[in-house]
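See the structures that follow.
What follows is a pair of complexes built around subunit A, which joins subunit B in one and subunit C in the other.
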Partner chain A sequence: MNNNKSADVVVIGAGVNGSLLATRLAKAGKTVLLLESGPKVGRDQLVERFRASAFKSDFMSPYPFSPLAPQPRYTPEPNDYLQQAGPHPFAAQYIRMFGGTSWHWAAQLWRFVPNDFRQHSQYGVGKDWPIGYDDLEEYYYQAEVIAGVGGSPDNGSPRSKPYPMDRVPASWLQQRITSRLAPDFTVLDDSTGRNSRSFDGRPACCGNNNCMPVCPIDAQYHGGIAAQQAENSGVQVVTEAVVYQLEHDAQGRITAANYYDWNKVSHRVTAETFVLAANAIETPKLLLMSASDKFLQGIANTRDNVGRNLCDHPAISVTFDVDEEIWPGRGPVSPCSIGQFRDGDFRREHSPFRIDISNASQVAAVTKEVLAEGYFGKKLQDEIRFRAARRLSIKNALEQLPDPNNRVTLSSNKDALGLPTPSLYWDINDYVVKGTAKTQACYDAIAARLGATNIRHSKTGKFSNRQHITGTLSMGLDPATSVTDQWGRAHDHQNLFMVGTGVMPTVGTCNVTLTAMALALRTADKILQETQHG
Partner chain B sequence: MVKYWPLFIAGALLAASVHAQSPDQSELIRRGEYLAIAGDCGACHTEEGKAPFSGGHAIVSPLGTIFSTNITPSKQAGIGNYSEAQFAAALRKGLRGDGSRLYPAMPYTAYARLTDDDVSALYAYFMHGVQPVDVIPQQTALPFPFSLRFSMAAWNLLFADDKVYQPDATQSEAWNRGAYLVQGLTHCSTCHTPRNFLMAEQQGKYLQGASLGTWYAPDITATALQQNPHWTRQMLADYLATGHAANGATAGGPMLEAVDKSFSRMTPEDRQAIATYLLPADSAATDPVAVKDLTPVSGDDLPQTLENLSEGERLYRDNCASCHNLSGQGLNGLPALKNHPVLNKPVADNVAMAILQGVWPEKGQGMIGFSGSLNDNQIAAVTNYVMQDMGHSKVQISAERVKALRAGGDASPLMLLSRIGMGTAVVVLVLLLFWLRKKRALKS
Partner chain C sequence: MDCSHVPCHLQNSGRRLPDNTMNHYSRRRVLKMAGLVAIATAAGHLVPLPGLRAAQPLTPINGLDDFLQVSRLLTQQDDLNTTLAHALLLALNQTQKSFVTDLTALKNMLQSQPALLQKERLTFATADAESEKLAKVILGGWYNGVVGKGKDALYVTYINTLSSQLVSDKVVPPGFSYGPLGSWAKQP
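Presenting the complex of A and B:
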C-alpha cells in the first residue's frame, strides 16, 4: 500500500456521469478524487488510431485495449471478456478510458417521455420510477445546457425552456426522407449535443460524418470533454486505477476503495462519500467483487438485486435502396428519427419504440456488398455510386421491460489483474417480440413509401444491442426490488451513491445518457445538500 | 382657446425638444452610430455580456492592463457631462473632461483626423443614442512612470499629430474617403504600424507590420499587398466584409474581431474606399487556386508509414487534416493552408496563435484551439510543418516562443527601456523648451 489518498468524495469512473458529478462537487468546494480504470488518450491519438485501423466499421477499434482494464471487443474475433450465459448474447460495448463510453456515440441526448416514469401505474407493465418527469425536468435542462443540446421542440418530452442550441441544419437525406414519409410518419430532428454554432470552446459540426467512432473536431459533446472539465475544476483524476474492492465499517458505511495501478501495486483511498460511476456492467461487478463477511453477496446487495433487471434496446434493422438519390454521409451520422410510437395505450400489449434513421456514409458497406456480388472495373464504380447514393439504413430503439432474470454476475474467468470478468444472462420476452413485429410493419410501410428495392431485414429472432445498458443498479422506493433510492444512494449504505445508466429502472425508447446525466447532477446536489447542512 | 395660443406653442416646443428629435438630429445620431461602428469603439468600450459602451474591458498592454472607460451618457459614471468640445478633445487629443490625459490605448492619435462634422455626429450618438449606465468600471493603474498621466502631455508633444484629415485634391474621392477612414476612424495603424520604445507609431514604417506581442499585424502597404500572395481591391473589400478572400486569406485573432464588429458592418462603398486607398493601383485578379467540388481525403495510412512521419506531420494529420485535408488543400469550403497568406509572413506567430486559441468568427465555422491538448513543443512542431512543408517558408518558431505566446506575449523589456527612455525624453523636452524660450527671448 502506498500513495494513499483521501478526499471528501471519491468517484469511481471518469465517464460523462462521474465527471459531471465530480465537477459540480469540486466547484462547490469539495475535494474530489476521480479514479478511472483506463488511460487518458487525446482526441488526436484516437483519430490517428482510427485512420490506421483495418476495422473501420468497428467503432471500438480506435480505443486502446489493455488486459489490465479490459473491455469487450468483437473484431477480428470476440475477445470473450463477457461470458454469455443466456439465450441471447448481450454484445455490450463500453470504453474504459478517461471520458468513458460516450467518446464514441452520436451525441444523442434525449429526455424520456413523462409516462416512461409511471409505466406500471399507467399501463400495468414494467416499473414505476421513484421520481417523476417533473422531478427531473430542471436537471434535464441543466444537462442540456452543459452539453449544448438542440432538437425538435415537440417530441413528446415537455420543456419549460427552449433548447439551448439551435439544430444542426438538416442534411439532404433528412429533407428527402422527412418529406417523402409525411404525413404517415413524422420525422423529427434528433435531440443531440452537437454544436450548430461555436459553443464552449468547440466549433460547429462541419459534417465529417465521423461522429462514431470519434468526432475529429469535438463539435459534439462527449465524456472526454466532461472529464477534462472535471480536471480543470480541481478534481484530482487518477487514471489507470482499477478499483477492485470497497471496504466498509461495522455500521456498513463505506470507508475505503482499493485499486490496482497498472503495475498491480495496490492503493487505498478513503473518503466521506463514495460514488460509483463505472458503467452499468462494471459497477455491479465491483459491488459483487466486494463481498465481505458482513455482506456475503457483495456491497449494496443484501436483497440480491445488484446486476439484475439488465436492459438494453433489443434492436432490429433494415436497409434498402431508395428510388432517388438521398446521399447519406453528409452531416451527422444520426440526425433524425420517428417518435410517434414512443407512447400510447398499446404499451399495455407491446413494446413502444422509436425508429432511428441513419445518415452514415454507406460507401464502405455498399462496396463490400458489390465486391461480393462480383462487380469489377467501371461497373463496380458505377454500382458503388448508385447504391451508396440511395442506401438507407434504419434501426429501432425498442423498450424491453425489466426482468430480474436478465442480469450481470461474476464469471469464473479472470483478467490480467486476477479480477473476475462479467457474465451476462439476457432473454427477450413476448412483449418485445410483439413490438418488434410492429416495428417490422413500419419498416415495410416506410420502404414502400420510398419505392425501395434491395430490401434486407436483419435476421428474424436476432437482436442487436444499442448499448443503452440500464437496470442493474435500479433506483426504487422498495429495497426489496431495487438497489438504490431515488437519489442513487445504496439502500444498504448511507454514504455510497451510484450514478450512470445502471440506476435507471427502465430503458424507455430513447438513448439513455441525458437521463443519466440529469440524475447524476441531481445526486451531486443531494450530496452537497447533505454534507453541507448535515 | 385662442388666448392660450402662446402657452400651447411654448408647450409644444418644449415637448418636441424633450421627447422627440428633429429629423436632422436623428439623422445625426444615426450617422454617429455608423461612425462608432467604423471606429470600432465597442471593441474596447463594450465588455462581452455587459451593456454597450459601459467599459471595463481589459486591454493588456506591455506596460500593464488598461481598463476601458464607461462612455455612455451617464452623468455619474460616463461622459454625460461632457460638452461637445470636451468630447472632441478626448477623441482627438486624448484629453479627458477632467483635464487629465488618456493613454494612447485610446487611438486618439488616429481619431485626430476626424472632421468636426463627424465628431458632432459621434457626440450626438453617444449623448442620445446610447443608454446611460451608472456603473463605474475598474480603474486603470499602470506602474510608474506611466501612472503619471501628465507624462502623456510630453508624449503627445513628441508624437501626436492632431491635424484633421486634409483631402488630397490629386486623388479620387474614393481614395480620399479610404485615406480618411484608414488614417482616422478605422485606425489601422494602431496595430499595423510598429511602435518605438515609447509606444509611439513609427511614421517611417507606416502600416509596415507589427507584432502585438502575440498576434502579428502584417504589412498592408501597397508594395506588400501586391506581392505574393497577391491582393486585389476586391479581395481586400471581401476580406473586410467576411474575413476571407479569394486569395485564400482568412482572418484570425484581433483582425477577425475587427471584421466581425466593425468592417463587416460598414457600407460596401466604405470597404471599397479603404481598398482603394490601400491599393492605389489595382491589378487584375489572378484566378484563385481552383478548388474541385470534391476533395477526397486520401493517402497512405499504413501503420509503418505513420511511424515514419515527422512529429509535425503526424500532429498535422491527427489534429488538422480532418478539416484542412491531408496536404492542406482544404475540404468542403474549409480553408486551404496551401498558399494561405498567413504562411508568407516574416513570423510564424499567427499560425501558432491560431493553433493555440482557435479561430472564432461570429458567424460561420470556427476552428478549435489546441492550447489544452498540445504542449509547446507539439505546437511548434505542427506550426513549423505547416510553415515549411506547406508554405515553403524558411520561418520557424521555437517552443520557447510558443510558450511566450501562450503566456500572452513576451515579458517585455519595454518597462525598463521606457523608464530610461521616459527619463531621456523628459530631459530632451526640458532642454527643448529651454532653447525655445531662449530663442523667443532673443527675438523679443
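Presenting the complex of A and C:
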C-alpha cells in the first residue's frame, strides 16, 4: 500500500486558523492537505453528548477523548496529560478534533488595542511586535466578515469599516448592570462572532445559553465551521492523523511530515510548503520531537526559543448576589465586559485587564451550593430561586508579560502512540500580582454598587487559565529572541510557517482568536505571493 | 443517539430514551428536548432502563415506595415524578452501598423524629451523620439529576430536575432555546 501523499501545501492542525489558511490557499488554486490528529464529530453528536453528561460544567465533557490523540482532561479525574513543572499549574484545555478548540468558546472575537503591538516602546515592559495594528487592520476585518462579528464599536480598537454583523440585543441582566455601574464603569457589548440574523447558512441566536461547551444551533462561528468550509473548498482532509516528525534537507527546508494513523501505521506526506497549526502547545511539541543530526534541539529551535514565553490570561473571579433579580441564563453566556483598564500609562507598573461579566445560567451552581449548605424542602426551593435570580459571576483577563522561563518542553511520559507528552513550566510575576490587586479593588466597587451580598472572591494567590495560550512560537525581527518572523515563517526554515495563537508575542487583554485568525490570513497571502512568483 | 460516525471507544455519553415526564415547555422546546431520562455512567456505559420507556409500565423495583416517601418528606413535594423516582432509585442502588437498607433507616428516623424536618436545614445527630449524608444524596439526585461522584457519577436526567422545574418560568436549561433573538431583553 502506498502511504504517501503530496500537495502544494500541507497544513497540520484543522483548528480555526489552519482551516482558514487552508481555505484561502485552496481557493487560490493550491492543492492543500490538511492533517488533523483527532476525529471528525458532528455538532448533533456533541450536543447529545453534552445533554447526557454527568459533568455539564466541564466544557470538555462533550468532546471525545482518545489516548491516540490525547488532550488534557480534568474530570472526572485529571488525566495528567500535561506534566506540571512550575509553581503554578497551567491547566490548559484544548480539543484535538476536526475544528479544534474553538468548538467550545463564547465566540469572543476581539481586536487588540494598538498599544498592544508596541508595548515595550510605549511602556517599557514586555515586547514589541514586528508588525503594528495598521498592518493587521485589513486582516482583522476579513476575519470578522468570515465569522460574522458584531459588538460595541468604541472599544479601543479603531475600525476603518463598521462591524459586519449587528450586535446581539442585550439581556435584561446586561441592561441592569450597565445602568447601575455607570458612570464609574462602562459596560460594553463584547465583540463576538454570533449571528443576530441568518448568515452563512446558520440561524440567529435564540438564547440557548450554551455557547460553552457547544452551541446547539451553530448561531456562533467556530472552528468546526471553518474546517468544514476548508473541506468544501477542495482541501483534502485526513483526520486521525497524528504528525510525529518533520523531515528536512541539507538547507533546512522541510521536505516531509510523517504521521501515524490511529492504527499506528506510519504515513509520509510531502509538499512545497508546510504550515503548523496545531495550537500553542502541540506545535512546539512537534517541533521539539523533530530533532535531527542537523537540528539537535528540534526544528526551528537552533536558538532554544521554541516553547518559551508561554502566556495566558491569569484570571481571578468573584461571585455575589445582586440586590435585584437579574436572572442570568437568558441569552448568550458572555455578552459584555468592562474594557477601560485595557490600556494606559499604568501598564508601566502593572497588568492591564478586562473584566468579563457572565450571563451563564447559575441554576446548577447555586443548587449544588444550597444543597451543600443542608437546605431542604420549601426553604431549599426559596434559596435556589433567590440565588439563581441574583447571582452574578465576574472574572478578568490579566495580561501576563512574556517570560522565557515559562515554557513548553517534552516530558518523559509517553502517550498511547509512544509520543512524548508536554511538560509545562508556568510562573506569575509581580506585574500580574499588582494587576490582581487593582482588579480586586474594582470587584469590590462593583459589588458595592450592586448592593451585593454573599460575596466570594477566588482564592488569593490562585489563578485560573483563560485558555488564551500564546507566545510559544513568538514572531519577531530578531531570531535570537523569536521563533518566527513577521509572517509566521520559521527563521531557519524557508518553507515552514506557523499559524495560531502561539506566534503572538504578547497576549494583550482580550481573547486571542481573532488576532490569530487575522495573522493566519496574512500568512496565507504571503505564501500565495511567494509561491505564485517563485 | 446515533454515534455511527464515532468509534465506540470515543463514546462516553449516554443514550437517550423516550420519556413521559415533560412539562412547562412549548411544543418547539419539547421537540428539542426529546429524550429526558436516561442513565449513563461517566465512563459512558449505558445502564439498561427498559422500564423507562413511555409506553411500557415501570418494572417493579424494591424500595420504590420507601424512596418516594422519603423523597416527599425531604423535598416537601407530593407530586414527584414516579418515572424519575424509578430511574433515581436504580442509580442510587448502583452507586450507594446498601442503599435500600440505609433508606429504610432514614425513613424510620424521619418518621420517628418529625422535629428534624421542622428545622431550616438538615442537622442530624452526630451518630446519624450517614443518614444525613444519604438525605443530601437523595436531594442531589432530584435537584441535580446526577447520582454518585467522580468516575462513578451517573447522569439520570437533565431538564426534569427539580431545580430546572423550579425556575422554568424564568430560564430554560442551558442548551435549549429561550426564544427569538432579543426575547431575553425584556424583564423576566
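Everything below uses one rule, namely that the second predicted complex is superposed on the first by the 532 of 534 C-alpha atoms of A that agree within 3 Å, B and C clash if a C-alpha of one lies under 4 Å from a C-alpha of the other, contacts with A are read in each partner's own complex, and residues count from 1 in each chain.
Here, a contact is a pair of C-beta atoms (placed from the backbone, for glycine too) under 8 Å apart; a residue touches a chain by one contact, two chains touch by 3 or more.
These numbers were taken from a predicted model, which means no experiment stands behind them.
Thinking of the overlay built on chain A, is A:D218 touched by subunit B (first), by subunit C (second), by both, or by neither?
first
Go through the superposed model and pick first if A:N210 touches only subunit B, second if only subunit C, both, or neither.
Touch status of A:N210: both partners.
Determine, under the contact definition given at the top, whether A:Q45 touches first (subunit B), second (subunit C), both, or neither.
both
A:Q228 contacts which: subunit B (first), subunit C (second), both, neither?
first
State whether subunit B or subunit C is in contact with more residues of subunit A in the superposed arrangement.
The partner with more contacted residues on subunit A is C.
Once chain A of both complexes is superposed, is A:S196 in touch with subunit B (first), subunit C (second), both, or neither?
second
Pick one for A:G329: touches subunit B only (first), subunit C only (second), both, or neither.
second
After the superposition on A, what does A:A91 contact: first (subunit B), second (subunit C), both or neither?
neither
Identify the residues of subunit A that lie in both the subunit B contact region and the subunit C contact region.
In subunit A, residues 42, 45, 47-48, 51-52, 204, 206-208, 210, 216-217 are touched by subunit B and also by subunit C.
Using the touch definition up top, name the residues of subunit C that touch subunit A in the complex.
Subunit C residues touching subunit A: 1-3, 5-7, 9-16, 32, 35, 38, 40-42, 74-76, 117, 120-123, 132, 135-136, 139-140, 143-144, 146, 148-151, 153-155, 158, 161-164, 166-167, 170-188.
Which subunit A residues qualify as touching subunit B in the complex?
42-45, 47-48, 51-52, 198, 201-204, 206-208, 210, 216-218, 228
Which residues, counting only subunit A, touch subunit C once they are in their complex?
So the residues of subunit A touching subunit C come out as 39-42, 45, 47-56, 61-62, 64-66, 76-77, 168-172, 175, 196-197, 204-210, 216-217, 325, 327, 329-331, 333, 360-361, 363-364, 367-368, 371-381, 384-385, 388-389.
Touching residues of subunit B toward subunit A in the complex: what are they?
Contacts found on subunit B: 301-303, 306, 314-315, 317-319, 322-323, 332, 334, 358, 360-361, 365-369, 372-374.
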